[in-house]
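Each in structure tokens, the structures are laid out below.
Here chain A shows up in two complexes: once beside chain B, once beside chain C.
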Partner chain A sequence: MEPEVFDLRGEKCPDTFVYTKVKLEELAYSGGGLLKVIVDYPPAAENIPRSLKEEKIKYEVLDVKKVGDKTYELLIKAPPV
Partner chain B sequence: MMIMENIRAHLGMKYNLVGVKILKEKPVDIEKPTRKLRYCEMVRKAANGEVITAEHEDIACPNAEVTLGFVEPVYVDIQPRISPAETKVVKVGPLDKIRDPDIILAILNPRQAMEVASIMDGLEAKFAGSMAVCGEATAKPYMEKKSNVTMLCGGARTFADFRDSDLIVGGPPEFFEELSKRISALSKTCVALCGCKTSDLSPRIIESFRKIGFEKGTDYFFGKVDGTNVRIYLNKDTHGKIKYITVHIPLRGVEVKAKEPLIVKKRGNWTDVAMTFGLGEAIDLNTGRGLKEAIMDILKKVSDSKVIAR
Partner chain C sequence: MSLSLEEIKRYSRQLVLPDFGSREQNRLKKAKVAVTGAGGLGCPISTYLTLAGVGRIDIIDMDKLDLTNLNRQFLYSVEDIGKPKAELAAKRLSEINPEIEINGITEMITYDNAFDLLKGYDAVVDGTDNFPVRYAVNDACAVNRVPLFHGAVLMYEGRAMSIIPKETACFRCVFPEAPPAGTVPTCREAGVIGAMTGMVGAIQALEAIRYLAGKEIALKNTLLVINADTMDFDKIKVTRKEDCTACGEKFIAKPVVYVCEDEGN
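Our next item is the complex of A and B:
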């Protein structure tokens, strides 16, 4: 399954997490799927996975990859709800 | 704590100074918050008088978990942060309710920060508008043992109700102790060394100074004692009443190592040595009683101090 790409470059926390959470909920309530989140604010690559652990929906962080100087890609699986 | 009263009064601060204690062991009895809080929220509440003790599970912000040293980062090395991550409990509260704080935070407006910078001969500021209260104001000063200024972050302004005009100066206790000390010295010397005009003094007071060989200047009396130039400033309170006097000795081309109650301040090639005396039984300006003795007292203290030629 190809992940949906969600480009959050230019955003900082807490917005990076808030937007990711909203997007993941959309995915979860429409049958589930994969989301590739792109951020260029490095702390977001640390705090998005950490914050998702607190969510009721059991999201799964499959990969966190550095793809540029400050750019990271997070691959997250949203289960169907 | 005198530090808090002194700094708050001088700067006209609305909020308490906040003491922060980073504990690596969990105390036996701690009163936990009723809900998860962001660290910046905790600081805001502490500035308004609350004492809050939080463990890792009480912290609502994932950044603060890392910056305050509760956990090591997994994917990205977040900086600034308390490292190694051995924090078990963070306690915040008004400074007078936190014993031996590791860090002190002052919520200021730009005018107050400017005054702190002026008093401390400058303030260093490194901020990026993120992880501000936890990282820039707390973790960075904790790790580097020096002060920092932060303009806060989106999280603090969104969730912790900081105002547009708020910024934070964070630093180790030594920084705020020095600030308090300099404020005290200011109030005794700089405030004394200006204003307090002599033109409205009663002839009796002017005569008291004449009797010991002192002339009236615009805002001080001046004379020579044992070959040393001496100035005496009269310090009025806000109601215009003279409460104490400052005896001031300007010394040229020397460095003076003196202890309290002497106040020493460098001014270019000059070193100003000053000492304040309360008015009362020992010193009476109307009769001149005790004036000469006060001058001799400070001159003796100066001669007992270490005076080094430059």
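Our next item is the complex of A and C:
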């Protein structure tokens, strides 16, 4: 399954998390899916997975990859709800 | 229905809550709520509903702004004195959140018109301060089966209760009859400090917001009594009455009539 790409470069915490959360919920409510999130605010690469653990919906962070000086890609799976 | 980036940003500090997300926000967006009164309680109630993103808010109040309102009613300015409060509140709140629809309705709520006036809402949040209107609002919500979020303040005592018709106790289940005219002073006579109405109105708004978002609420079958002298918050368990004239098996119209009515919100 090809992940949907969600480019959040330019955004900071906690907005990076909020945008990701809402996007993942839309995926979860429409049958589940994969999301690739791109951020260039390094703390977000840690904060997004940590905050997702607090959520009722059980998301799976499959990969967190550093792809540039400050840029990270997160691969997250949203289950169907 | 999906949220725009602008909406996600506006509501981001509530969307980060672990038990609150796009589904809950969309429920608020679809909700249609009436706020009865644009006074001491109506200001915090309508403000917090606006900030939270309730999609349609109708504010009903017949009064014009008076200087004596300004110790507690924070949506208004000195230059607004003499203008209808419902419209002032709607205008001010629309400036704060232009994403939602807010209407000011300058009309007196009576036992005769409450049933029509309060029809078709997902919730009514009560900011009235006198018994004839409070009972009219309660009975109308019971008959129309609209959830009602009750609140009242008198001096340093505040009360709040959340009513889900046919499921939980209504105001009349707990207080079947209004006290005789003249035995209970109004806010105007007894006095009220803005922080008190602010606190109670915020509690009502929070209950309504949580209910509309699909969350559990704490004040069902529960009368919260706040004593601000001691800062005691007591929860009194109340029960529904099958023979309640408002929400029981058989509705009996019981308008409360006070001969000398002279009250503001």
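Note that in this section the second predicted complex is superposed on the first by the 81 of 81 C-alpha atoms of A that agree within 3 Å, B and C clash if a C-alpha of one lies under 4 Å from a C-alpha of the other, contacts with A are read in each partner's own complex, and residues count from 1 in each chain.
Simple rule for what comes next: a residue touches a chain if its C-beta (ideal position, glycine included) is under 8 Å from a C-beta of that chain, and two chains touch if they have at least 3 such contacts.
No experiment lies behind these values; they were computed from the predicted model shown.
In the overlay built on the shared chain, the residue A:64 is in contact with chain B alone; chain C does not reach it. Contacts of A:42 after superposition: chain B is touched, whereas chain C is not reached. When the two structures are aligned on the shared chain, A:72 is found in touch with chain B, with no touch to chain C. By the touch criterion stated above, A:19 is placed in contact with chain C alone, chain B being left untouched.
Contact with neither chain B nor chain C is seen for A:32 once the two complexes are overlaid on the shared chain.
In the superposition on chain A, A:3 makes contact with neither chain B nor chain C. Judged by the touch definition given at the top, the superposed model places A:50 against chain B, while chain C stays out of reach. In the superposition on chain A, the residues of chain A touched by chain B in one structure and by chain C in the other are 14-15, 17, 51.
Chain B contributes residues 62-63, 65-66, 73-76, 78, 129-131, 153-155, 158-159 to its touches with chain A in the complex. Contact residues on chain A toward chain C in their complex (touch as defined above): 14-15, 17-19, 21-22, 25-26, 29, 51, 54-56. The touching residues of chain A, counted against chain B in their complex, run 12-15, 17, 41-43, 45-47, 49-51, 64, 72.
Of all the residues in chain C, the ones that touch chain A in their complex are 2-3, 5, 8-9, 12-13, 15-16, 18-19, 21-23.
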